Structures are given as C-alpha cells and as structure tokens.
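Given below, in the form of structure tokens, are the structures.
What follows is a pair of complexes built around subunit A, which joins subunit B in one and subunit C in the other.
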Partner chain A sequence: MNWAQKLLMIDRRIIFLLVFLGALIPILVPIGLAVRVSPPVKSIFDRVEGLKPGDAIMLSFDYGPSDGPELDPMANAILRHCHKKGVRVLGLSLFPLGGVDMGIARFSQLSLETGARSGIDYVNLGYKDGGQAAMKLLGESLPAVFPSDVTGQPVGEIPAAQGVRNYNDIELVISLATSVLGEWWINLVNAQFGVDVAVGSTAVSAPKYYAYVEAGQAIGVMGGMKGASEYEDLVAQNYPALAGLSRTATVGMDVQSIVHLIIIMFIVFGNVMFIMTKRMK
Partner chain B sequence: MGLQLPGFGEWVAAFLTLACFSFLYRDNTLYRIAESIFAGVSFGYYIGLARLNTLEPNLFRPLFGNFSEHWTLVIPFALGVILYFRYIPKLAWMANWSLAVYVGYYIGVNLTQRLQGEILPQARGTMLALDPSRAGGVGPMLGNLVVVVGVITVLVYFFFSSPHKGPLKPTARIGIYFLMVSFGASFGYTVMGRVSLLIGRLTFVVNDWARPLLVSMLGS
Partner chain C sequence: MKRQVPITLAILASLYPVIAFYFPAEGINRFNQSLDEWMVIIASFALALGVVSMIMVNLHKVRRRQKGWIFGLITLAAFAMMASFGLLGGQGSRELADGTTRLEPFTWVFQFMYSPLQSTMFSLLAFYVASASYRAFRVRNVEATLLLVGALIIMLGRVPLGAHLLPGIESWRIPGVADVAEWIMKYPNAAGQRGVIIGAALGAASMSIRVMVGIERPYLGKS
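And then the complex of A and B:
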C-alpha cells in the first residue's frame, strides 16, 4: 500500500472531528461573514412590507424540533417584521410532531422581545390533523377547522382573528415546512383559492420550491439556514430597532461556510488522491 | 444578567444529544437508549396531540355538548371507531369501509390538486419566450432557453418507449447533464441542511448547557 492509498484509508472519525471543530469554533467566536440577499427571499420580505396595519396573514408551523435550527430563525424574523408592521398573525400547525410547540415557543419569544400581545397581535390556533382536508376546509370556514385557539379560547372571541372567515380575509400564507406540507399549501391552497403563498423550507427540500417560484405559484422561498439569514438581514437593515435581537441563522452561516470549506477540501483531496493512486499503479 | 445554571430539562437534552453524537465513534448502548426514548416519546406526544387538538375540539366537545346541532359528526366518529375493528377477527372486514372512505377522499383531493396545482402550472411555467424582445432582453432569453432545453432533454431521457439511438441519444445525454446539475444542487442543499442540524445541537450544548455550567463552576 503506497502513501496515497494510506491517505485514502484515513479514519472517518478524523473527518468527523475536523467538522466538529469547524462547527464549534465559529459558535464560540463568531466571524460575522456578509449575507447576500437573493430575489426569492426579497420578494417575501417585500410582500410583508407592503401589508397594511390590521391585515392578517397565516403562519403555518409545519415543522418539528429537528428542523428548528433552520426554520426557527425564519419564524422569529417574520414575526418581528409583522409585529413592527402591525400585521396580525394567525399561527397554526399541520405537522404533528412538534409543530404546535414550535409555534408556542416562537410566539413566546416574540412577546418577550417586542411586547407583542397574545390574542391581540397574534393568535396561535394550534395543531390540526388531516393535512389537505384541513387546508381545504380553511377555504370555507376558519372556525370549522379551529373552533378554539391553543389555549381553548373560542376563536370568535379572539380579537386577532376578528373578521377572518376563510382565505378571502387572509393576505398571505407563509408555511415554514418540512416534508410535503409546503407543497400542499402551494398546489392546493394557492391553486384552488388564489391566496398568495410563500414557503420557508428546510435546505433538503429547498430545490423543488424554486420550480414553484419560477412558475409563479409561490411568491418566494427561503431555503434553509441561508434563506433564514437573508430574512434576518433584511429585517435588521430595514428596522434598526430590531437589529440587536438574536440572529441565530446569521451566526449559523459562519459555521456553514467553515464546514463547507472543510467538506470541499476533503472532496478535492479525495479525488486528487484517487487519481494519484491510479497513476501509481 | 448572569447565566443561570442549566436546569433538569437542559441536562436531559444535553445527555441525549451527546448520547446521539457518541454513535459517530461507534454504535453503543447510550445511543440505543436515546433512540428508544425518542421513538417512545414521539408516539406518546402524537397521541396526546391528536386528542387535545383535534378529537376534543372538533369531535367530542361539539358532539356531546350540542348533539342536535352537530349530530352529523356521528358519521366520521363511527368511521374512526370502525377502523379499529380490524383487531376483532370476525368484524375485521368492516374496517375496509372506513379505509374506502379515507382512500376515496384523498384520491379525489389529490387528483385535482396534482392536475390543477402542479402539472398544468408547471407545464405552463416551461412555455417561455425565446425571443429577446418578448423575454425582456438577451440575458432572460438565455435563461429561458436553458429551462426549455433542460425540460425537453430530461423528458427525452425518461422516454423509454423507443431505444435511445440516432438523435435521441445525444439529446438524452444532454438530459443526463441537466440531471447531474440538479442532483449536485440537491446534494449541496442536503449538506447545508445536515450541517444546520449539527449547528442547532452544538449551539444548544455550548450556549445553554456547557457555558452556564462552566461559568457557575469557575465563578466568572
């Protein structure tokens, strides 16, 4: 076995260790790399920016704790933006494993950060089973799907939900989605009810959503932690009062850049060594 | 404001996170314990969630609170109960009725949803202007050209009714290149997604557990 072959047989745990260090160091010592905003994220920001005080949007927490690092920062940034604009947010979840708790946590953080009031500035309607069935019925009657909010208060008595009967009274639906739920909001709710839909997706699912944006079915997409950092950046730039709040995706992008560099180096290294071993034979 | 000592929840979460990370060294009992806890907790959580968020507000409360107004809910309630007849051998055949309603509903929903919300708009989205004056300039026209060529060549690659010979062969070959680029983009995004999960757990372990613990131990 020559030296190139020995290097190709490197213990994978050494790679794990390097990736671990590459992730740990920027968390301890943030670098602050620049964020470039892409058009699909800018269009979501512009759509929210164009809303009037009192308008209502739906924010669907269609993800669980494992997707929190990517989608929580999106939720935080959107909620801060809506609160600053005076836009009412109707939170809901169609994802069973943790979606409702993601909503509770994000709304609680918003209240702590900005003083937003539950029931007045936002309402958390909770989780509902059924996926497509719930989406379709929301087009007819909001109270039929969500008779009460997550605390059990009847939806008709909640000021934040006043006047919202169905999608006709909603300006925008934003789904923060893992799995197929984001697609359903687009190809069912947008297609059949005509309401604007934007999706914040996990990075794994992001490529497919660009096709919907290109076809005009979704107004924009935030792809993974990168998309979240872009929205955080837009909110911080346009609302300096919010710039001091935590921006976990922006910090996370430092880590992403370092870890991606390590991965690229190993891909190049592996290919070079592979070619060299072939030449040595 | 000083850092608070990690609470019981933080200790449990940190232990389970580190137990999962230990799999990177080798498979071990701690990892298996964490995996089993996750499966059990997820299932229990889902049952509680379905009862509190769907069954009680949408079925039990309206049905038993105001039966005369909501008596039609008896039908979905009965269909739901009948689903569990599959555990009674003599009545198991009845569960098929519920399944038939369930499958029929979702086939109907999906059929229109896919056609109206996916196939037709996506097909329309690929019918793009290849004339610079109509596309809005040479740059956008070239972008449109890439989309059109990509769609046609990939469709040719997946056309299996005749052998890929003659002009079909190079066309399908170009389709493979488009697929390669697509897979590469997906792989890049997948790496970013997986690294994000690592960032999430490391941020928690460092900022919510290790840092407060160290600060309180070292007293600064």
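And then the complex of A and C:
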C-alpha cells in the first residue's frame, strides 16, 4: 500500500476530531461573519413588516427537538418581530413528536425577553392530530379544531384570538416544519383558501420549497440555520432595541462556515489522493 | 357483507369531499365539515393505538427476556413516567404563591432531558457526513464530477464564509459563489424539484382514485 492509499484509509477519528475542533473553536472565539440576506427570506420579513398592529398570524410549530437548533432561532426571530409590530400570534402544532412543547418553550422565551403577554399578544392553541384534516377544518372554524388553548381556557375568551373564526381572519400562516407538513400547508391552505403561507424548514428540506416559492404558492422560505440567521439579522437591523437579544443562528453560522470548509477540504484532498492513487497504479 | 360494507363506506367517504369541493352547497358542506371533525378524532385514536402497540411489543420482549430486553424495560419505565407527569401534572409552567414560576415535571423532563438528547443524536450526523464525504465523494465519471462541483458551490455559497472568500467582481459582472448558489437553488434545483413533486402528486392522485372506486382496498388488510 503506497502513501496515497494510506492517506485514503485515514482513521475516521482524526476526521471526527477536526470536525469537533472546527465546531468548538468558533463558539469560543466568534468570528462574526456578516450574513447575506437572500430574497426568499427577505420576502417573509417584508410580509410581516407590512402587517398592521392587531393583525393576526398563525405560527405552526411543526417540528421536534431534533430540528430545534435550526428552527428555534427562526421561531424566536419571528416572535420578536411580530411582538414589535403588535401582531397577534396564534401558535399551534400539528407535529406529534414534541411540537407543542417547542411552542411552549419559544413563547416562554418571548415573554421573558420582551414582556409579551400570554392571551393578549399571543396564544398557544396546542397540538391537534389529523394533519390535513385539521388544516382543512381550520378553514371552516378555528374553535372546532382548537376549542381551548394549551392551558384549557376556552378560545372564545382569549383576547389574542378575538375575531379569528377561520383563515379569512388570518393574514399569514408561517409553518416551521420538518417532514411534509410545510408542503401540506402550501398545497392545501394556500391553494384552497388563498392564505399567504411562508415556511421555515431544515436545510435538508429547503431545496424542495424553492419550487413553491418560484410558483408563488409560498411567499418565501427560510432554509435551515442560514435562513434563521438572515431573519435574525433583518430584525436586528430594523429594530436596534432587539439587537442585543441572543442570536443563536448567527453564532451557529460561524461554526457552519468552518465545518463546511473542513468538509470541502476533506473532499478535495480525498479526490486528489484518489487521482494520485490511480496514476500510481 | 363483510367486504361489501367497508368497501361501500370507503367509496362514499372518499367521494363525498370531492363532491363537496366542486358543489359547495351549504347542506353538503355541513356534513363535509363533520367528516373532517371525525377524521381528527379517528387520527387521535390512531395515536393511542400506536401507544398500545409499543407497550405490547416491549412487554413481550421483557417477559421473554429477548435480546436487548433491558432497553424494553427502560422504554416502558420512561413511558410510564412521562404519561404520569402529563396526565397528572399537565404541561407548561405554573406560578407559585411566592410569585416564581415552576415548570411542570412533564415540560421540565422534555426541555432538559429529551430535547438535549434528541439534539445530540442529530448532531452526530455532522461527524458521519464528514467521514462519509471523505471516503465516498469520488470523481469517477463526468456525472459524479458535475454533482461534486455543484455540491461544493452550494456548500460554500450557503455559508457567510463563501461570500467573503469568493465575493465576485460587480464591475466585471462576475457573480460571487453565494450568487451562483442562489441561482442553482432557484433554477436547476427548482426545476428538478417540480418534476419530483408533480410525479409524486400524480402517483398520489392515481392511488386515491383507485381507493375511491374500490380497486385498491388497503383498509381490508391481508384478506
């Protein structure tokens, strides 16, 4: 075995170690790379920015803890933005594996950071099974799907949900989704009821939503931690009072930049060794 | 009758929403709304069915002391714990007499045990992706080379570092790597995704029609 072949068979623990250092060092020593905002994220920001105080949006927590690092920062940024605009947020979840608890955690954080009041500025309607059936039924009657919020208070008595009978009273639906739930919101709610839909998805799922954005069925898509960091950046630029709050996605992008660079170097190095091995034969 | 009744019910239940969509009269819509409500209730029962199935499988494993039975025992114990917390204590937080807030046990376990564990499991992927990329990404032919070049552009263009390393030259109209990555996502990627989405939708539509007219009967089971 020649030296090029030996390098191709390098112990993967060395690769793991380099990736670990690439993830750890930017956290300890932040680089602070500027984030470039992309049009699909800007569209979502502009749509929320165009809402008036008192308008209501639905924010669907369709993800679980495994997607939290990518989607929690999106939720935080959107909730801060909506609170600053005086927009009421109706939180819900159609994802069975922890979606409602992700919502509980994000609303708690919003209250701590900005003083937003549960029941007044936002309401967490909780989780409902049925997926598309629940989405379709929301087009007829919100109380039929969510008769009470997550604390058991009847939805008719909650100021944040006053006047919201169905999708006609909602300006925008934002789905923070893993799996197919984001597509269901677009295919069913936007197509049949004409409500504007925006999606925040994991980076792995983001490419498929570009087809919907280009077709005008979704107003925009935030893809993974990059999309979250772009929205955080927009909120911080336009609302300096919120700039001091935690921006976990922006910090995470330093890590992602370095780790991507490490992986690219490994790929290039591996191919150079592969070509050299072939030539040596 | 054992076959005819379920088949007839399935055909009627699947055709009715289609009729309601194209003929939205008030009477038709009212029953359609009821169908949607029943669907939400039945879906909740399916969740309960999953729980019962999980309990039975793991109980069987523990009773028979099959390989890995200790993990079945841990699963059942964790299920019993979380179910008790959820049913007896509820979710969220509550305010105590002294004005402080305390998380309910269910939410505490979810936020400080389950969430970090799930995130940790997912984060392991990064290491395995790096190792697999080094070993498997090889330029063996033209298609593999194109795939590799595209992947490298996207990987570099979708992080802030890419825009700093290869920013492009505006005066010469040379796009940066971030612009190229965005173009790839917006055009070639969207075109490919459209093909996949349309294909999947056509497949789902044809399967739905087969269920609607009774050709496919997945609800009858193996009989």
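One rule holds in what follows: the second predicted complex is superposed on the first by the 281 of 281 C-alpha atoms of A that agree within 3 Å, B and C clash if a C-alpha of one lies under 4 Å from a C-alpha of the other, contacts with A are read in each partner's own complex, and residues count from 1 in each chain.
To be clear about the criterion, a contact is a pair of C-beta atoms (placed from the backbone, for glycine too) under 8 Å apart; a residue touches a chain by one contact, two chains touch by 3 or more.
Note that this is a predicted model, so its numbers are computed, not measured.
> Contact-wise, after the overlay, does A:Ile174 reach subunit B, subunit C, both or neither (first, second, both, neither)?
A:Ile174 sits against neither subunit B nor subunit C.
> Touch check for A:Ile263: first (subunit B), second (subunit C), both, or neither?
both
> So, does A:Pro147 touch the first partner subunit B, the second partner subunit C, both, or neither?
first
> Where does A:Gly216 make contact in the superposed view: on subunit B (first), on subunit C (second), on both, or on neither?
The answer is first: A:Gly216 touches subunit B but not subunit C.
> According to the stated criteria, A:Asn190 is in contact with first (subunit B), second (subunit C), both, or neither; which is it?
first
> Looking at A:Ile78, would you say it contacts subunit B, subunit C, both, or neither? Reply first, second, both or neither.
neither
> After the superposition on A, what does A:Ala105 contact: first (subunit B), second (subunit C), both or neither?
second
> Looking at the overlay, what does A:Gly252 touch: subunit B (first), subunit C (second), both, or neither?
first
> What's your read, subunit B or subunit C touching more residues of subunit A?
C
> If you stack the two complexes on chain A, which partner ends up touching A:Ala34: first (subunit B), second (subunit C), both, or neither?
The answer is second: A:Ala34 touches subunit C but not subunit B.
> Of the residues on subunit A, which ones does subunit B touch that subunit C also touches?
After superposing on chain A, subunit A residues 16, 19-20, 23, 66, 68-69, 96, 98, 100, 128-130, 133, 136, 145, 150, 203, 206-207, 211, 214-215, 223, 226, 256, 259-260, 263 contact both subunit B and subunit C.
> Which residues of subunit B touch subunit A in the complex?
Touch residues, subunit B against subunit A: 24-25, 42, 45-46, 49-50, 53-54, 57-58, 61-62, 105-106, 109-110, 112-114, 116-118, 121-122, 124-125, 147, 182, 185-186, 189-193, 195-203, 206-207.
> Spell out the residues on subunit A that touch subunit C in their complex, using ranges where they run on.
It is residues 8, 10, 12, 15-16, 18-20, 23, 33-36, 38-39, 64-69, 96, 98, 100-101, 104-105, 108, 128-131, 133-134, 136-137, 140-141, 144-145, 150-151, 183, 203, 206-208, 210-211, 213-215, 223, 226, 229, 253-254, 256-264, 266-271, 274-275 of subunit A that touch subunit C.
> Quick check on the complex: what are the subunit C residues that touch subunit A?
29, 33, 36-37, 39-40, 43-44, 46-47, 91-93, 107, 110-111, 114-119, 121-123, 126-127, 129-131, 133-135, 137-139, 148, 152, 155-156, 158-164, 178, 182, 185-186, 189-190, 193-194, 196-197
> Provide the residue numbers of subunit A that touch subunit B in the complex, in ascending order.
Residues of subunit A touching subunit B: 13, 16, 19-20, 23-24, 27-28, 66, 68-70, 96-98, 100, 126-130, 132-133, 136, 145-148, 150, 152, 184, 186-188, 190-192, 202-204, 206-207, 211, 214-217, 223-226, 248, 251-252, 255-256, 259-260, 263.
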